[in-house]
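Some structures to go through are shown next.
Next come two complexes built around chain A: one with chain B, the other with chain C.
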Partner chain A sequence: MENLKIGVFLSDCGKALIEILDFDNLTSFLKEIPEVTVVERGTEFWKGSGLQTIIRTIKEQKANRLIVAESLPKLSEIKIVEAAEASGLNQNFVQVIDLKNHCAWPHRNVPLEATEKAKAMLLAAIDRAKILEPIHKLEFPAVKSVLVIGGGISGMQAAEDLADLGFEVHLVEKAPFLGGIAARAGRFFPTDDCAACIQSPASDVKTITHTSRKCIYRSGIAAIQGLKIHTNCQVVGVDGQAGNYKIILEKKPRYINETKCISCNLCAEVCPVEVPDEYNVNLMNRKAIYTITPNIYPPTYVIDEKACKFNECKKCVQVCPTNAIELNQKPETTTLNVGAIIVATGFKEYDPSVIKEYHYGEYPDVITNLELARLLDPFGPTQGKIVRPSDRKFARRIVFVQCVGSRDKRWNDYCSSICCMISLKHAIMIKTSFPEVDVSICYIDIRTTGREHEEYYEKARELGVKFIKGRPTEISHDPESNLLIVDVEDSILRRLLELEADLVVLATAMVPSEDTETLAEIMQIETDEDGFFKEYNAKLRPTETKKRGIFLCGGSTFPKDAPSSSLQAHSAALKAVKFLNTGKIVKDQKTAVVNEEYCGDCEFCPVSCPYDAIELVNVDEKHVVAKVSDLLCEGCGICVGTCPLNAIDLRHFKQSELLSQTRAILSIKGQDKPLILAFCCSECGGASVDSAGMTMSDYPTNVRTVKVPCTGYLRIEHVLAAIRYGAQGVMVVGCMSEGCHHEDGVKKVETRINVARALLKEYGIEPERVELFNTIFVEGDKFAEAARTMIERLEKLGPIRFSKEV
Partner chain B sequence: MTKIKEYNVPFSKEVSSRYGGETIVLCYQCGTCASSCPVAKTTEKFNPREIFRLVLLGERQEVFQSNAIWLCSSCYNCQERCPQMVEVADVFFALRNIAAEEGHLPNMYLEFASALINDGRIVPVSKFIERKREQIGLPPLKSTGTDALRKILAATGFNNLQLKKEAES
Partner chain C sequence: MTSYALFLGCTIPARLPNYEISARKALSKLDISLVDLEGTTCCAPPPVQSLDLETSLAIAAYNICLSEEANLDIITLCSGCFESLTVANETLKQNEKLKAKVNQILVKAGKEFKGSIEVKHYLQVLSEDVGKEKIKSSITRKLCDLKVASFSGCHLLRPSKVLKFDDPERPHVYDELIEALGAKSIWYRNKQKCCGGLLRGYADDVALAIAREKIINASKAGADCIVTICPFCYLTLDLGQVLMKSTYQEEHNLPILHYSELLSLTIGVDPKELALEFHKIKIDSVLNKIE
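Presenting the complex of A and B:
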């Protein structure tokens, strides 16, 4: 092994620290350490001449480990590591420590003791430097092809974006036609344009402008180079890993050859079988061979398997001028190879028949908003006339009921967020076409939170829509008059009302599409408590899943309106591009590594890994060992803390590094006070230690910090080791319980700390010497206070004494 | 006009800390209870939503001054249908318990209480009932004996409620 040449660079932050830390003392201390070959002092080392000094030290003085004490921890770390790597030094050999915020500022009133703590911090970094190993870059191939599941507004737009950028895209829709729930809805709010409308693709050469929007049928979506549309098709299997997924698709038979069909409608004219048309609220019949609406893609027909008499009839086959009907089609299975998946499976209307008091499904004149949309559609069963389904008489009095199955703890706890706007849109449409119709909306709260949404509410009031603040308890039916009666309290007037209505429209909740659970199982991605797909982080990564290479958009994560669905579609497409653009996935091997000699036959680590990065592989017939995927591992180290056999370690933060830092940082005592070791995580918990410095919150110098990737990394032995090396108490500083950056690392360490406390108690050591603190960046004062409290507590307890008395 | 200086929020806490009253804090005033209520349909004196509103705003005195909380017939229709799963009828029991402890017991309930303690029955056996039973061939009602009952009532603190009211009157 090459000789260690450690270069240490001390920044006095523009002389701000000179009055607190004795830099001469630190320099002479460092020079006595044999491995330290260079000690430099300066005002800043992350740019300008300071950075040049570092580069020179690497190139000319051949320093092979760097320790830089700088004050802008992250920015300086990035710049220094970049320069070091460019000069040929591995990134893992560079350590940046923060003497300002972790030492000088919080201890500015005790300069002598602060200098001693700075020595301890430097020594810890030096001892760690001695055992560091290089971290290598890994490359994984990535197929520049994307699967988009769901052909609604989100899926179509994401697919179009990707195809326009030159990616191969497979758009899979389980229904026979594209469009999704939006196409059924007829019109969109707040733009009032039609729902079967998407952006114009770049490949449409004959369009006047690509910025315009287009009906699906004239959008040219099917002609986009590289975009393959699979309708009547489902994803039944997903295998492989990010960048290289194997997809199994199952195409249901349409019994029509899409390429031959010319949509002449002769087949439907001769078809003798008529069935109620569910798509049109059963208000009309359709044939067994049918299409749903004229402006749809693909412009072809489909045969209803359950209704068609097939070879007994064959009338359609006889009339078809292009021989497009193929009654012997069978389900087909195809496999695809894609690099990423975008899930755009949307939402569906909740079936309100479970809410018995509203009698949906029992009284024909109680319908849902989506069914009303079909009545309002000029292509619909009534050509836009509003009738009562029971007798097809014109509906003169219409009552909307809001929050049906939403905001209702018995069914769906959440607000479905778009139903108020849908009802307002429908009320406006009705009042505009038929001003004489009496429209009432019974609501709990009207929610118009989007841009231009409040104008809808205003317009509805102007048009004379009545708003009744009250949730109806029951809908009953008077058989004599064939009227519905809605029981509701007008809570503003404190008056009980019985509203007579021809038609009652339920603004039902929006719930996950029926295949959500199955797909989640197939792709091994998570769903939330309401059954929608769960995003990685709602604030910052709303279109990503925890599984690399699988993205979400539109209503698959929560009910949303068209503008939000579009936004998410473009976002998911961008994330997929970012992921696959270079044709390879590059990442540092900052991952866990299994010692196969010790590992065997247990399942703790695969279960505890938040990234599903560990699997068990057979070594022989009876024995298994854990195997970490370098691609999926995020390097949190929760597996290290979990492993009962201590057979896992992190390449970028070995347990030996933790222990040598712990020993070194406790080896120099500055104050006549008990020593405390604070293990803090590298995220929010660690940031609170930074901010204690930034806000100059005082705490004793005998509180020493060692950073770990996540507190979930910590094992009970680490706590005991700190005590063995001289700590009188141990603090563990992690993120907030629900805010752990690695899902539940901090919750896991909480359990372990409880075990450690019980263990210490066995030996007569007070359990309150060990404690977990949950903090975020802005809580620097909370950390400082916790540190002061711990020191006071330990002073009262006195030194650790092992005893048999429990 | 009512001038609101400070709402007495602890009242809703007081109710929600009682057995049966826990869920009142979930109420979002949709009025499902009011439109479900058979009593509210017959009298304007009773509106469960309104009473809940008063409780949530801390109008303690107003709630106990009227006899409205005693009008709930415990049909549980509201409780079945409340979208927030507020245990509406049970909240009324919690309110009544507080009222009774503080002596806001309407006379009718006081009579029930004495009948229960003295005769072991809420409805006294009148001559009319005895005659009716004889007419349709039912045996005469025997005395229930109140020893066991009194022990139970003493254990629940029921007797204390009774005494408090009597002492006041």
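Presenting the complex of A and C:
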């Protein structure tokens, strides 16, 4: 091994620190340490001539470990590490510490003490530098192919985006035709434009300009190079990992050869089997061989397996002019290899038949909004006329009931967010075409939060739609008059009303699509308490999952209107591109590593890992050891804190590094107050320590900080070690309980702290010497105050008196 | 012949002899033998439950103990008794802690709750033990186009998870029992809504207004009578019509019958034995529709 040569670069931050820290003193202190070969002083080292000094030092081989004291944490660190790497030094050999925010500014009123603390901080970095090991870059191949599950509005748009950018895309739709729930809905609010309309692919340059939008069947979606559409098809298996997923698809037989079919309708004409058409609210019959609506993709037919008589009949086979009907088709399984998956499985209407007081399913004239949409569709069973299904008479009085199964603790707590607008859309459509129809909407709150949504509400009122504030208690049916009676208390009039109606329309809750749970299990991704897929972070990563390479869009995460679904589709597509664009995934090996000699036969780490990065591998028949995936591991170290056998360590932050830093930083005391060690995480908790400095919030210099990747990394021994090395108290500063950047690291450490406190008590040490604090960046003052309180508390307690050996 | 211990409660023996006699006659004609329990007390209805649960359970359990000693299942006529005894019986059967507490109280009266019997409403006995077919075959007098507004009240159905009598939102058992007699159970507005009875004594005017709405809805739908189960529904609607006369200056004259009366009349009990004179609203128009 080459000789250890540590170069230390002290920035006075544009002379901002020279009034506080005694740089001459620091320099002479450093020069006495034998491993330190270079000590440089400057005003800034993260750019300009300062950075050149660092580069020169590396190139001239004057130093092979760097410690740079800079402010502007993170940005300066990125720049310095980049330059060092480019000059041939391993990234892990560079440490950037922040003497400004962690020392000079919070202690600006006590310069002598601050200088002593700065020495301790430098010493900690030097001791750590002595045992650092290089971290290498890893590369994983990524297949430039994407699977999009769900052929509704968001799935189609994401698929188009990706195919237009040259990716191979497999768009899988469970139903025989594309379109999803939007196609059934007919029209969109508040623009009233057609639901069959999608963006036109950029690749279709012959007929379409980049701004145009077209019906699905005119859009050219099927002609896009690289886009393969699999209808009547389901994902049944997902294996492999990010960048390289193996997908198993099962194609249900359509019994029609899509490429041969010319949609001449001769088959449906001769088909002798008629069944109720569920797509059209059972208000008309369809044949066993059928298509749903003329503007659909693929422009072909499908055979209803349950209704068709197959070989007993074969009339369609005889009449088909292109021999497109293949009655012997069997389910087919295909395997795909993709780099990423976009889940766009959408939502569905809640089945309101469980809400017995509304008698859906029992009274034919109680229907749902989607069923009404079929009635309103000119391609629908009534050509757009509104009838009551029971006797097909024109419906003159229509009552909408909002929040059916939503905002109701018995069924679904949440607001489905789009149902108010759907009912408004339908009410407006009805009132516009048939002004004589009486339309009432019973609501709890009308929620019109999007652009032009309130105007839509206004329009409905102007058209004479009545709004009744109240949730109906019951819908009953008068068999004599065949009328429905809706009992509702108008809470504004404070009157009980009995509304007579020909048709009652239930604005039902929107819930996850049927297969959400199964798919979540197949893909090993999370769902939320309402059963929707759970995004990684609602604010900043709304279309990503915790599992790398799997993205979400549209209604799969929550009910959404078309504009939001569309927006998410483009976002998910972009995230997939970002992920696969270079054809490889490059990352630093800042990962956990298992000492197989110690590891064995427990399940703590795979369960505690927030990233599913650890699996158990058999070493022989009876014994297993943990194996960490370098691709999936995010280097948080929660496994380190969890392992009961201390068999895991982090490559980029070994426990020995933590301990040597702890010992060194406590070795210089500086003043006569009790020493405190604050372990802080590298996210919100650590940021609050930064911001205490930035806001110049005073706290005593005897509070010394050591950063860990996540507080979940900490083991009880680490806390005890701090005390052994001279700390009179230990603070653990992590993120807010619900805001941990590694899911629940801070919750896990809370439990451990409680155990540590109990242990200390056993040794006769007051448990209140150890405490967890949850802070966020802006709470620098909170950290400072906590530090002051802690010191006061320790002063009252007096020095630790060991009754037993720790 | 199946035997049951008859639990009468308070209102029926005190105010509704026509209910008691018709139930006794009808059930005995349908081979259900009734054994009178000695020394029964108040059933501890829901208002008592809300005052002190343990006390109310102990009172109800005392009555159940009497029946356990006789080794008979309980049959009730009153829906309130059905609710309170069933709630007590089921709660104590499932909750060992409460059972122990209640038994500590009962021991002072020399009783112990064991949980060995069931509590049934007489409609349950009719639908489950006797059966619609037997009722149909016992009919000796035909109803001529009798349109009945059926009204089951609250405590026959609710709390549904404990009582398990019928679907509380879409009840059908009671209507089927009415149709088994050859009557037509008609639909009328707000059929399942409250009779108003439990508001009496607290807000008489509101109670009466609710009852009036029920009478009007049933009349509008062309009902010849309302047939009730619960003693309080009966009182509210029958006696209520007398009060409507003075309060609203309205005469509805809509006969209110206990189901047991209609049952007795169709299976051949002599009307003279049924104390029909106790009806405040005369039921002659109904009697005229019986062959």
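Heads up, the rule we're going with is that the second predicted complex is superposed on the first by the 800 of 806 C-alpha atoms of A that agree within 3 Å, B and C clash if a C-alpha of one lies under 4 Å from a C-alpha of the other, contacts with A are read in each partner's own complex, and residues count from 1 in each chain.
The rule we apply is simple: a residue touches a chain if its C-beta (ideal position, glycine included) is under 8 Å from a C-beta of that chain, and two chains touch if they have at least 3 such contacts.
For clarity, every value in this text was computed on a predicted model and none was experimentally measured.
Once the two complexes are laid over each other on the shared chain, residue contacts for A:Lys15 go to neither chain B nor chain C. Of the two partners, chain B and chain C, it is B that touches more residues of chain A.
Judged by the touch definition given at the top, the superposed model places A:Glu474 against both chain B and chain C. Look at A:Lys539: by the touch rule set out above, it reaches neither chain B nor chain C. Of the two partner chains placed around the shared chain by superposition, chain B and chain C are both touched by A:Glu357.
Contact with chain B, but none with chain C, is seen for A:Arg410 once the two complexes are overlaid on the shared chain. With both structures placed on the common chain, the touch criterion links A:Ile444 to chain B but leaves chain C unconnected. With both structures placed on the common chain, the touch criterion links A:Asp487 to chain B and to chain C. Residues 357, 474, 487 of chain A are contacted both by chain B in one complex and by chain C in the other. For chain B in complex with chain A, the touching residues are 26, 28-32, 34-36, 40-41, 47, 49-50, 77, 81, 83-85. Chain contact summary for the complex, chain A toward chain C: residues 356-357, 359, 362, 474, 476-480, 485, 487, 498. Within the complex formed with chain A, the chain C residues making contact are 167, 169-170, 187, 189-192, 221. On the chain A side of its complex with chain B, the touching residues are 357, 403, 407-410, 444-445, 469-474, 487-491, 494, 496-497.
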